[in-house]
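The following pair of complexes shares a single chain, subunit A, combined with subunit B in the former and subunit C in the latter.
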Partner chain A sequence: MEVNKRDELPDVATLEIVVRPDVGVASTREQFLQDRIRRVVGPVIALELHPRTLIQIVVQIVQSGDTKALNTIALSASINATYMALLDAGVPLRSTVSATSIVCYATSSTQAALTTGGVLIDPTRPELEKIEKDITSVHTIAYELKGGQMERLLLSESVGSFTEDEVFECYDAAAKVCEETNRTMREAVTKSVQQKGRWRD
Partner chain B sequence: MSSEVILPGDPIPLDSVIGNDLDDSDSGPVIQLGPGILHIPPETLLPIRAGTLTTLTRSKPPKSTTIYVDTSGGRYVPAVQDTILGTVIGRFGDQEKSFYRVSIPGSAAPIGILSSAAFANAASRHTRPNLSNGTTVYARISAFSIALGEPELECFDENTGKEGGFGELKGGMLADVSIGLARRLLAPNGAYGGPSVVDALGKLVPFEIAVGRNGRIWIDSESCKMTVAIITAIQEAEELPREQMEERVQKIIKGARKE
Partner chain C sequence: MPRDLTPSTIENTFVLKALTERIRLDSRSFNQLRDLDISFSSTEYGVVDVKLGRTRVIARISAEITQPYTDRPYDGLFIISTEISPMAAPTFEAGRKSEDELVISRIIEKSIRRSGALDTESLCIISGEKCWAVRADVHFLDHDGGLMDAACIAVSAGLLHFRRPDITIEGVGSRREVIVHPITERVPVPLAVLHVPVCVTFSFFDVRKASSAISGRTRKDEAKDVDEDDVEEEEEEEEDDSSVAVLVDATLQEELLRHGYMSVTANTNREICQIQKGGDMPVDVGVLLSCSEAAIMVAEKVTKLINKRLKEDEARRNVGNLLVEARAENDR
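== the complex of A and B ==
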């Protein structure tokens, strides 16, 4: 797209990310999401191939899976959705990206999570509401993958109290989930490409 | 021609593409890179789009292979010698030397510049066409660099200097198609195997078509109703295999005749 003269960059494309909330007007929460999405997809887009242009991504949240205090599901879902949109639009990308949310909670509120508590990966809203009071920490993790193999960590956003070991456990768990998400994504893309190529038969 | 679905960042199975006869002699295999594959020197090849990895074996130069990622969607990126369909949206310059600003919908570089001298028979300013805003033009991209932005357009056949179908398109109707379909419609007959949707339509009804690489087509025929039917047929038949395509085309055209 044509870029606003003020935002034009001479050697790379300008990346604009807009997050629109499901209800109400955009606030600091949306600003936060925009910033995190940019940090994840920014390094993956080959921006230098389209200098002086604008890549505009608008993320409209239809239904936020997060409870009021949290900001993780909207983020991981936005990252996955943004990446799929970029892929569909044919924007030059260096690799694939998957994100996931991990919520740790204590079964009894005095004990630490993971050891005695439970872990929810990509929980739904009812699941979250059930354990809302016992949540000890929340992690949003995004990985870059090449050829289905984990390449590097792009985002690690953690809130709450947790130990170093717990975080590393979360990384490992997230890596598995991301690889799985990546496989699903690959299947979806393959299906879509085959659907579009049916005329060759 | 072999093909498999590939995602950005996937390793390219070069061995299977060029066979195992990789040697360093002068007659070693030559690989040409097409769209969708980025070469990072010295020797990294990175797919940057999702699509079908396609390889074509060519005879010239000997033992050469072209690899590219084939996609049907996405945004059009201008390239020199592409023909596009645009709309005149403005004019600047003086009487002697004036230029049209042409909007190229669906393009990564959305505005092109068309000189009023870049038409057939434009030697004298009295014979130059006078295009008003909103006119549809069929033009060829004569110069473009992604770093400079605006593509330069021309409205004549560069081999003959004559009109060659370029210039203002009167009447008819514009429609959007995917850039993959536009590419297919413009390909030489049989490049994608067998007759295309245009051949199927041509047997049934006379019409005029102009295809822009930017994913736009212009159709004119005997009546408005028929024009709309032809556009519907082309759009609907995009993803259908050949037999179904012919069936659907016949049904749509017959339906338009009956009403």
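== the complex of A and C ==
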């Protein structure tokens, strides 16, 4: 797309990310999401192939899976959706991306999470509401994948109190989930490409 | 800076030529609506997805308790937010209101809020202290013309579908307390919707002007502007109904090429809620009346569809008839 003169960059494409909330007007929460999505997606897009153009990504949250205090499901879902949209739009990418949310909670509110805690991966809203008071930490993790294998960590956004071991455990768990998500995405993209390329047969 | 969409001259002449032969590019008749699809969220109340051809709009109704305005202590608040993001089309800029957007939000505001579709007095909880603030967020996801028609249908359907949590007031005098019962505890309450406004946009094409412009161009490419002006002036004098093509529910392409438009909001009580005319084309009284009549017909059709979809949704939710039996207004 044509870029605003003010934002034009001579050697790379300008990346604009707009996040729109499901209810109300955009606030700092959406700004935060925009910033994080940019950090994950920015290094993956081959921006230098389209200098002096604009790549605009609009993320519209239709139904928020987060409770009021959290912002993790929206982030991981936005990253996954953004990646799929970029693929569908045919924007050149260096590698694949997928993200996941991990919520750690104490099963009994008096004890620490590590000893008797539970872990929810990509929880739904009713699940979150049930454990809302016992949440000890929330992690949003995005990986860059190459050939379906985890390559490097792109984003690790953690809120709450947790130990070093815990966070490493989360990384391992997230890597597995991300690889799984990546497979699902691949299937979806294959299907869509097949459908779109049907006229060739 | 996103540039406005400008159809090419070939596109322009092709569409207009077809219209002079009373043909639309998508093979609809002039007064035919595109396929309308309304679906409700399965998990939440007041979330509606409206598809009008390729145009797609999601409306989301939400309610919270706030303080009413001091000059209107008996009224609740009702806000419609219609911000168009670049999601709809890249021509819309994020954070800046374009002229089109202003027109769309004004028409929706007039159609629904100012026509009194929602009884704001029923939103009052304690006069001057507490009231419900109902908010309608309209998300435009895909733009293929008729944004305001789709948005109006979405908000109307959303208001009908929405349920607010039940409340009770305890205590007396200044020590009154409002208890909000979560929807898992008590059957939520529908809003007091007085009528269902449906907006229909008519696009006008000056067929005579168009055909003369087309033939003039093909006959003599070097035709001077002066000549064309003369031709137009002559025709304006003897203008009659047949020189105007009136299209219902224009696509984006037709919207960009039209000479004038008029959006009429009507309901099933045969009331006209608002009329807005735009573009630089004068329209006859007869056309205006026939458009109003057509708008009422469309409103009846759309309202029927909304009610049908609402019933289907109700049947899906109302497992074991619990929603009816547990309702607060039942006898105990």
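Assume the second predicted complex is superposed on the first by the 198 of 201 C-alpha atoms of A that agree within 3 Å, B and C clash if a C-alpha of one lies under 4 Å from a C-alpha of the other, contacts with A are read in each partner's own complex, and residues count from 1 in each chain.
As a convention for this text, a residue touches a chain if its C-beta (ideal position, glycine included) is under 8 Å from a C-beta of that chain, and two chains touch if they have at least 3 such contacts.
Quick caveat: nothing in here was measured; it's all calculated off a predicted structure.
Peer 1: Mind working out whether A:T190 is in touch with subunit B, subunit C, both or neither, as first, second, both or neither?
Peer 2: So A:T190 only meets subunit B here.
Peer 1: In the overlaid three-chain picture, which partner chain does A:L145 touch, first (subunit B) or second (subunit C), both, or neither?
Peer 2: A:L145 sits against subunit B, while subunit C stays out of touch.
Peer 1: Figure out whether A:C170 sits in contact with subunit B (first) or subunit C (second), or with both, or with neither.
Peer 2: Neither subunit B nor subunit C is touched by A:C170.
Peer 1: Tell me which partner A:A89 touches in the superposition: subunit B (first), subunit C (second), both or neither.
Peer 2: The first partner, subunit B, only.
Peer 1: According to the contact criterion defined above, which of subunit B and subunit C contacts more residues of subunit A?
Peer 2: On the superposition, B touches more of the residues of subunit A.
Peer 1: Considering only the touch criterion stated at the top, classify A:R52 as touching first (subunit B), second (subunit C), both, or neither.
Peer 2: A:R52: touches subunit B, not subunit C.
Peer 1: Which partner does A:K5 reach: the first (subunit B), the second (subunit C), both, or neither?
Peer 2: second
Peer 1: Between subunit B (first) and subunit C (second), which does A:R198 come into contact with in this model arrangement: first, second, both, or neither?
Peer 2: The answer is first: A:R198 touches subunit B but not subunit C.
Peer 1: Tell me which partner A:R20 touches in the superposition: subunit B (first), subunit C (second), both or neither.
Peer 2: The second partner, subunit C, only.
Peer 1: Give one of first, second, both or neither to describe whether A:Q63 is in contact with subunit B, with subunit C, with both, or with none.
Peer 2: Only subunit C is touched by A:Q63; subunit B is not.
Peer 1: Where on subunit A do the contacts from subunit B and from subunit C line up?
Peer 2: 1-2
Peer 1: What residues of subunit A sit close enough to touch subunit C in their complex?
Peer 2: 1-5, 16, 18, 20, 22-25, 56, 58, 60, 62-63
Peer 1: Write out the stretch or stretches of subunit C touching subunit A in their complex.
Peer 2: 1-3, 41, 43-44, 47, 58, 60, 62, 81, 83, 85-87, 90, 94, 135, 137, 139, 141
Peer 1: Subunit A touches which residues of subunit B in the complex?
Peer 2: 5, 7-11, 38, 46, 48-52, 71-75, 77, 108-111, 146-147, 149, 180, 184, 192-193, 237-242, 245
Peer 1: Residues of subunit A touching subunit B in their complex?
Peer 2: 1-2, 44, 46, 49-53, 87-96, 144-148, 151, 185-186, 189-190, 193-201
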